[in-house]
Amino acid sequence: MLSGKIKKIGVLTGGGDCPGLNAVIRAIVKTAASYSISVVGILDGFGGLIHNQTWKLTEKDVMGILPRGGTILGTTNRDDPFNYPVIQDGKKVLADVSSQVKNNLHQNELDALIVIGGDGTLKIALGFHQIGVPVIGVPKTIDNDLSATDQTFGFDTALTTATEAIDKLHTTAESHHRVMVLEVMGRYAGWIALQSGLAGGADVILLPEIPFQMSKVIGKIKERRDHGKKFSIIVVAEGAMPLGGHMVVQKHIEDSPDPVRLGGIGNLVGVQVEEGTGMETRVTVLGHLQRGGSPTAFDRILATRYGNGAIHLLNSKKFGEMVCLRTPDIKSVPLSEAVGELRQVSPEGQMVKTAEQIGICLGR
Amino acid sequence: MLSGKIKKIGVLTGGGDCPGLNAVIRAIVKTAASYSISVVGILDGFGGLIHNQTWKLTEKDVMGILPRGGTILGTTNRDDPFNYPVIQDGKKVLADVSSQVKNNLHQNELDALIVIGGDGTLKIALGFHQIGVPVIGVPKTIDNDLSATDQTFGFDTALTTATEAIDKLHTTAESHHRVMVLEVMGRYAGWIALQSGLAGGADVILLPEIPFQMSKVIGKIKERRDHGKKFSIIVVAEGAMPLGGHMVVQKHIEDSPDPVRLGGIGNLVGVQVEEGTGMETRVTVLGHLQRGGSPTAFDRILATRYGNGAIHLLNSKKFGEMVCLRTPDIKSVPLSEAVGELRQVSPEGQMVKTAEQIGICLGR
Amino acid sequence: MLSGKIKKIGVLTGGGDCPGLNAVIRAIVKTAASYSISVVGILDGFGGLIHNQTWKLTEKDVMGILPRGGTILGTTNRDDPFNYPVIQDGKKVLADVSSQVKNNLHQNELDALIVIGGDGTLKIALGFHQIGVPVIGVPKTIDNDLSATDQTFGFDTALTTATEAIDKLHTTAESHHRVMVLEVMGRYAGWIALQSGLAGGADVILLPEIPFQMSKVIGKIKERRDHGKKFSIIVVAEGAMPLGGHMVVQKHIEDSPDPVRLGGIGNLVGVQVEEGTGMETRVTVLGHLQRGGSPTAFDRILATRYGNGAIHLLNSKKFGEMVCLRTPDIKSVPLSEAVGELRQVSPEGQMVKTAEQIGICLGR
Amino acid sequence: MLSGKIKKIGVLTGGGDCPGLNAVIRAIVKTAASYSISVVGILDGFGGLIHNQTWKLTEKDVMGILPRGGTILGTTNRDDPFNYPVIQDGKKVLADVSSQVKNNLHQNELDALIVIGGDGTLKIALGFHQIGVPVIGVPKTIDNDLSATDQTFGFDTALTTATEAIDKLHTTAESHHRVMVLEVMGRYAGWIALQSGLAGGADVILLPEIPFQMSKVIGKIKERRDHGKKFSIIVVAEGAMPLGGHMVVQKHIEDSPDPVRLGGIGNLVGVQVEEGTGMETRVTVLGHLQRGGSPTAFDRILATRYGNGAIHLLNSKKFGEMVCLRTPDIKSVPLSEAVGELRQVSPEGQMVKTAEQIGICLGR
């Protein structure tokens, strides 16, 4: 492990794009400068460490990036140095090239490495920690599904984008007496769906954590219609599943006269609602719009505090740890405890109960 | 034709939802009030005149609706009184129920009718004018594809929504070195695609008016990559077509191992770009989000001026006419000349030339 | 104290306007409906209880109000029933009219009262609790300066408005090589200034909690200029004070050749910066814009949870208590402990330290 | 005058900041590149030509600036080379340093100069044209008060900012039963006030072109109150004047017990409305926020077309001309005809009449 003062560090971003990454990088560079630590940006995730593609970051390089989405360092969902595709005997195999990474760290005289990334990226970071690389983690998940921290940056921006979408769909739904379905991100955790549904005034919210019955959904929409509310808004997390799961979905696709219309779960819900209620139904898949755009004030602040906190961990030699938010403070937690720990919506939790008590149907 | 002072009028909205409809209604009610004309709202397009569903509109009813999308009167793409489905001898046939509409107008003591709607709705309005109903038209097309007016309300809002979407996709495209495809509205005219592409800094824009060659699109993206620009943004109008048209699309679908991925033209372009460049490509279909939301300042003003102008046409007994914008004035034009006259993007026009000169590829 | 099931309650909003009030009202009405409790809205704060101006709230009345700023019940900073101005013997005196309020509560058959308001309003609520009226409090402070809760609704919206303002000032400051001063809300607590300054990338932030030295502020701006950064952004809380306090301000006003230019503290800072640096300086006072607009997703959710939680407190007969956020849960705290407990920015706290470490000057 | 092909040009921005300047610069650089013309940016207006501060602009330099407010070249309201302050015999005098500018143009091998600026800047451009410098003008006025063009970029963004401000003030006005006064830009022309007032649903709009009577304003607000509308919104252009003009203002200031409260015309109106109606009144001065921020889609497109059009004028050797919008085309007009020609709101024009007919009071 490292002894003596830290003079030079590397920073990389990995995994899916997320508003606030630039704010983390900016805070790292500015805080490091206050401790006379120089910062080297590593391009395109761990790939940049394998191929030794780096960029010396000065305060000038991070000027003006606070309000910008994306990452000036580039990011990727690929490139795990412990399982990296190489050609051996004419065949593509997965090899461990972590020693090459260590060499490059050494060659660049990097005393430590800050890794900003999601679960996959942080697992790799933990791997490097375990083979002796001084590593600090900064968590990044737009789905807000990490149990070790109260909140992650990017989530508030995605939530805002999804809520604005619901606001837009509302007026059209009402004018046309339609059912509008919005599919939002959330493969394993339904936080974006639940919170944007609450914020946007949805009538039905479908979550990965609560398998839904289509009969309940259709019943809710009919009940609204019977009370003179001739439109409904349904928010569906991409990972939501009907009770019975994949087999039910598969059966529906096989029975469908037009499987092309059935892309994700949003379309499936849309088709079934239209069949079940006889009401015009339209589906919107929000997709990548949720990962882009200028971060909200909240996300810029949280990201800035994370970046600042990462340098503090460095200075305290708390390697192998990850910054986290324990409201109202930035604290830290070992990567080994944090990675892989999913924070899901509790089906009997307070927020879900609130949703149901104000009349939102969760399909159960 | 009507003689004497107009005392009471009806107003209806028809066709697809469009930001600014409420602003038109508000201006009609307020201007009418200044001439002591009372206004009756007719619900859900011409359907409300067939079934006599009306709502007496006071100034209080239109308070606060200026910034709201949608229409308080409801709207629909169906219900043509000249071709209305009725059951005859146990069979569904299309009948002319226009006399029923005239009866209802008479019964409600409506001296005239203001019809706010798109091409289809205005054609029906023209039909009523031709059978002696005093009618005034207010044009509505979110695609801005009506030749009789410089601009229609709703377009600027849709353009803004599309441009914001491109802004959001930009950062993610850049961070991930991806190609991002955005499919926007525009079945017969590519105004939203062309203008949002210009405003958002797209690299490729595909329009219904200019059949595109995929080879040119792919060439452009490769050329950018060769110059170190590792991402590209493509904006596609939903009505864009490759050179060769439907047959080329059909062939591609037949050849595809996964036809489910190929929904609209946006997906088709996305798949082919990924195949042709080897770069990660993601597609977003903006869809109904373009019809919703609070109208922009421009749209609120234009809609207000249209509503005001419609009452002036009424007072001048210019029945059978439609308000239009001839910058900077609101004027009018006979419905008979206006309906069906599509305003398309000129493939050799100034705006298209500008796009190409600043380096945007139009696929030709 | 009340025995038996609660059947009918009153709700009022008091104090300054705050985005999210309507969301609280909506959640109260909807949650109450799920328990078959009917809700009566009381107009314009406690004034409505004195003059018995009420409005029976149905679910229809709260339809569509979730995204709207303001309060459908009206609000006011005046009208304390314990100190209410009445004419006695031709003179205006402050009288205790609380018995009149109790009578009106009785007459309207209200089993309990939910009071949504700031510190002043909640003190009155506590007064009624102490004379036997079953009261539940919902805290509202746009300044986020209440120690009993992690956050209050409205703050995130105000923060967003202030951050957007800084974003706008940034480009102009940079283009013109100017110093831009933005005065934001925060009389006793500088949360809006501190957080918007962090989120907007301010160079100087002045808070009520940290008396500032103008020499430090001017030094910072000169230092930036010397490093080639020819512009600066200063965010000032309206309650910020120079070291030495009011006397220093007063002296400056007396010495000024043009006291008209010196309105609030923002203008004072602007004039002194211009004098001290010779750089063009412009001041913007954000004012009431911070209280308006559609609440952010965060504020809509928090407000909804507060409204829902208030009904739970009612059902548990936890009168005299106030809902609060203890992340991630909605809990409660006695009004007697909550009112008057100011939550200020800690001059040595983590967020302030972070600001200084990334190079922001706090004037000390 | 220049003969032969243009190879290298200069571009500068002058006058007040305006959203869209960067979009013009970007379009100039990109279009010029398509004609193999290289572009040199001149820093900080004509000052950069006096002091020979330039920046060779490549396509890379203009990447990503389309959505950004401000100008990468810097701008200023000072520095007229025909009247430039120099020290002569120990005294500051205004001298003609235009020959120095010509020398610098020559030294930089600039074949022509594109000047983007407001009326003052374009007058200087015209001066250079008249002494033989090949100049092209691009008009810039956020107030939209130039008669030679249908619209200028920046106006739509300022209008949007002002309209959003009115939207925010609306809810607070309504909740508190207050009168809210918003002072917006417009010294000689009231376009921002008139159009934002129309778009935001103002009740009173005061313009430089229509001297107002305070009695009419107060009458309007009282009339609204009598009809149960307990709030009002007043939009005031900074250049609005009461009937009688400066003397009336001066008298009011002299009579006032608190002249500090009376800054601009907005405050004066606010104080008088409060006195005249007895209603709580609050004033917001929007100020510099109107010049900042990301340009709207409309402004980005218009600015792009202007930049593109400027290169076309260059190529056609139409020196001494200025690009302009004649809907829907970009055309040109001699600078000598364009400068100094103010486009004001016509007091009897269509838009003003519309405002009055929907019930807006213009103070007359």
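A, B, C and D label the chains in the order they appear, each numbered from 1.
Basically, a residue touches a chain if its C-beta (ideal position, glycine included) is under 8 Å from a C-beta of that chain, and two chains touch if they have at least 3 such contacts.
Source: prediction; values computed, not measured.
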item	value
Chains in simultaneous contact with subunit C and subunit D	none
For subunit D, the least number of touch steps when starting out from subunit A	2
Chain whose average C-alpha position is farthest from subunit B's own	C
Gap in Å, rounded to a whole number, between the CA centres of subunit B and subunit A	35
Centre distance in Å when subunit B and subunit C are each reduced to the mean of their C-alpha atoms	42
Whole-Å separation of chain centres (CA-atom averages), subunit A against subunit C	32
Sequence positions of subunit B contacting 2 or more other chains	167
Contact graph of the chains (line, ring, star, complete, other)	ring
All chain pairs that touch each other	A-B, A-C, B-D, C-D
Subunit C-touching residues of subunit D, taken from the complex the two chains share	13, 17, 19, 21, 44, 68-71, 74-76, 161, 164-165, 167-172, 174-177, 180, 259-263, 282-285, 287-289, 291-293
Subunit D residues within the subunit B interface of the complex	26-27, 30-31, 33-34, 63-64, 66-67, 150, 156, 159-160, 162-163, 167, 195-196, 198-201, 229, 294, 296-298, 300-301, 304-305, 308, 311, 327-330, 350-351, 354, 357-359
